[in-house]
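In the two assemblies presented below, subunit A is common to both, partnered first by subunit B and then by subunit C.
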Partner chain A sequence: MTASSAPEVAFGVLPRADGSARYSHAGYTVLASVNGPIEAQRRDEHAYEAHVDVIVRPAAGVGGTRERHLEAILQSSLSQLILIKNFPRCLIQIVLQVENSPENDYVNTKLVQASLNFALMPALIQTAILTLLSAGVPMRATATVTAIAISHDKTIIDPSPRDVETARSVHVLAFTSQDDLLLAESEGDFTVKEWDDVYETAKKICCRPAPDGAAMQLDDDESSAAVGPDLRQFLRSMMESKVAADLHWK
Partner chain B sequence: MATKHHVVLPGEPIDPSLIPTHPKHPLRLGPGLRHIPPEDIVPTVAGQLITNPAKNSMWIEYNSNRYIPSQNDLVLAQILRSTSDFYLCSLSPHTAPATLPHLAFEAATKKTRPQLSPGQLVYARVSLANKHMDPELECVHPSTGKADGLGPITGPGCAFDVSLGFARRLLMARSREEGGVGVLEMLGGEEGGGLAFETAVGRNGRVWVGSESARTVVIVGRALQETDRLGLGLEGQRKLVKRLVREIK
Partner chain C sequence: MPRDHEPSLNEKQFVTQALQENLRLDGRELDQYRPLELRFGDQHGVAEVTLGKTKVLARATAELTVPYPDRPLDGIFTISTELSPMASPSFEVNRPTETEILLSRLLEKTVRRSGALDTESLCLVAGKQCWSVRVDVHVLSHDGNLTDAACVAVVAALRHFRRPDTSIAQGVLTVYTPAEREPVPLSWLHSPFCVTWSFFGEEGTTALLDATWLEEQVRVGSCTFSMNQHGEICQIAKLGGVPVDAVALLQCASVSLTRVKEISDLVDRRLAEDLKRRDKGGFMAELRAENDR
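And then the complex of A and B:
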């Protein structure tokens, strides 16, 4: 399992974009740029809210049906987070370029057009959120995402593409910083009980409370069971260092 | 002024002890905060929460690249074209054009209005910034009828792009003490060998540098852009100015 690498992010890698970030986690590296609010094309223009345009580009080749599907999922989740009512008749454009992925060499994945790329989805959403933060686009909340695979009654967090293939079911769940469920995508055979377990595990990963003194001590035996990186703490510490760098003159 | 440094993320609750209270003034919210009635104040961007108890105001300090117009900002606009009643100007790339009425200049009448050509720069104030309408500009103080330094920019010079946070620091009344940017003073002072130039700083992240000598314009523009890009402190700015003056002939 190559999956359990710590997440990393670099902000402002594209100097001309309004916001940009390169994020790598679980073998995937995604580079994203955000431009907005800018003037929308007439056909995308909405009288009361901003149009969120998401473009996903795969690591090799041009995007196809799978990328369009990912874009649709991302677009609806991100429109929930961005304060789109603040920018009527505008466009917020998010371009996500997959730079590196631990693709399985044994199978030609392009043949499986119908299936979603579940292992890639958390990296895409997390990159989009980090880039929106870097661009200073007004948002309702931040979010953290995780992917979970179930195979032979074993739960795998942040599965590799190989795990996704052999797994009985795969789930991607995103939670906002107010602990609300933002996105739940599932594929495969699973029971309601299994989904509930996945929900609990994902919530533990995404909504880990801030480690401060006493609360951490109480949680310790519980949270050691839930492996995986503390995404919320990661998001916060990365933004803190970015803000500190931006406001060095203070 | 500001006391403590708190980094906030969008949607995070703000500790009520941080919100200033004042017996007389109403609470004023600056950029990056929104009020959800009845009593929630929520940040919308990632940045540093700054409170000013004397004025009973709070805002979030952050840096970004996209200018969102707000009223009374001083901006450097570029004329796109003229219509029958107003000029259409660009404040930032790919955004809807701002309107500048032909009569919003000092002592302008139907017959004596300034003739501006596309591409020309104008230093203006944002008089109206409404989210449902295109922003409106003016080059005259509405009550006194004086220009107060606003108007078309003439003379040789060049405009440079900087980040919004840096433009804000340049516009501070005491930019050296509060904003930590003394590069313009240094260029005109002994470090720069007394270069003669003039500037117009727009809140939309554009700085116009004017001088008779092209060398001076290049030195000043490069000094501003590098100070912004590298995040230099006062000592770094001094070194940069000395290096640029020495190297550019």
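And then the complex of A and C:
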């Protein structure tokens, strides 16, 4: 099966959760639910802010150290975005369930030992953001994320599992809607120069200005063909259509 | 985690009184299921079942392992169920609740103990190598009748699943990647499905199918029948609750059979549709490396 590269999202898939979204991009499908603000357990309770609880569940097998690592990364970046000071002693619970991840046809992977990697992270963060929006959790900003792999001096955006395997280094960068760097995670060998290039490319993908008139024409010429889908515009248009659908009764 | 709120006394009374008059809150007949929908993922072995507001995702995977020393000729087959906070915030991670244990036991009894999957065919080299097939059941949304939905999901996922093809030449085992050889289906013997009855009224006189979460909280007893479309009963579980008349149970069993036939037809139909969708250009028969049984 070929992985579709255009991002897709469906809101409100789970009727019992406060907010839910199913997001698929570059072959990854992640379903997420957000409940919150709800009552926190005594051990998670902070006197001045809400506790953000992120749970990542792999499609097959039980979660292990890798999932805990991803959860820790996600938790710290999402706490930056959510206005946690508004909800002292509360809990905002985000459950991310991986439904589909692209397979490498050339290797028989050990599936019972759940394999999660860097290429999955953009899908996880993007789903979390969309679900938080769907749940109406107040946030400082939204964010857009991208994964970039460098192999043989070539930059690959949204790498496939095979690209990740052969790549020298893989980077995940997230930018807020105010163009600030939110998250930068890298693995593998790379030089400072390479990282700078990755940063520039990622910024170009994540922080594309809203298309209006003149900017739109410029878009068609160079960037849109070279650097994948416009995630910020996608986020915006999806939210616009959701709000329009929600306010249908008015 | 916060506790799930129980229905209030008024709510409970309303539901039971309505049921005494043979009325359900969602207007269904007593022996009517909510609309059952089955969807397969892009990959093999992913099945999502929607039963009203209940949603269950099952995913089958296989890997090579060493068989258990006491069963050297059998492969390994496990079903794992974990209720995440996605289903309801009252479920905690890594702390199984009673619902979860009962659900996984019922699925084990229905699918594994009834011999639906031929575990001997999973063995490759006696005592040395075998396939370990694992089904992960993810409950996405819980609105009652988890057992029936999960059972459909597990059976559909296993029937949809394809494991990598293998060959043994001069004692050397080769496992082919999907790029080398088309993966092969598991050897599946029969498809058991669960049908859960809920009993209401002081002596359990009112019996209804496919209870919602609200009805499940109010019921006085339940009974799960597992059978295949030939009417062969795999197990009957009546765990506690009020005693129910034997004749009534017999009646339930016969109605269950018609429901099982309907579910079985749906699964067969969806599997055939999915096969057709994947068989682009009609090359699937030529790509197939397995022998007919």
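Here is the rule we go by: the second predicted complex is superposed on the first by the 226 of 250 C-alpha atoms of A that agree within 3 Å, B and C clash if a C-alpha of one lies under 4 Å from a C-alpha of the other, contacts with A are read in each partner's own complex, and residues count from 1 in each chain.
Just so we're on the same page, a contact is a pair of C-beta atoms (placed from the backbone, for glycine too) under 8 Å apart; a residue touches a chain by one contact, two chains touch by 3 or more.
From a predicted model like this one, the values you see are computed outputs, not experimental measurements.
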Which superposed partner A:139 touches (first subunit B, second subunit C, both, neither): first
Subunit B versus subunit C as contact partner of A:17, first or second or both or neither: both
Subunit B versus subunit C as contact partner of A:88, first or second or both or neither: first
Partner chain(s) touched by A:62 [first = subunit B, second = subunit C, both, neither]: second
A:242 touches, of subunit B and subunit C: first, second, both or neither? first
Subunit B versus subunit C as contact partner of A:35, first or second or both or neither: both
Partner chain in contact with A:201 - subunit B first, subunit C second, else both or neither: neither
Touching partner for A:169 - first (subunit B), second (subunit C), both, neither: neither
Subunit B versus subunit C as contact partner of A:250, first or second or both or neither: first
Subunit B and subunit C contact sites that coincide on subunit A, given as residue numbers: 17, 35, 38-39
Subunit C - residues contacting subunit A, complex: 1-2, 41-43, 46, 53, 55, 57, 59, 61-63, 80, 82, 84-89, 93, 132, 134, 136, 138, 140-143, 164, 175, 177-179
Subunit B - residues contacting subunit A, complex: 5, 7, 9-12, 32, 34, 44-48, 61-66, 68, 93-96, 131-132, 165, 169, 179-181, 231, 233
Touching residues on subunit A, where the partner in the complex is subunit C: 1, 13-17, 29, 31, 33, 35, 38-39, 41, 55, 57, 59-62, 93, 95, 97, 99-100, 103, 105-108, 110-112
Complex interface listing, subunit A residues touching subunit B: 17-19, 35-39, 83, 86-89, 133, 135-142, 176-178, 235-236, 239-240, 242-250
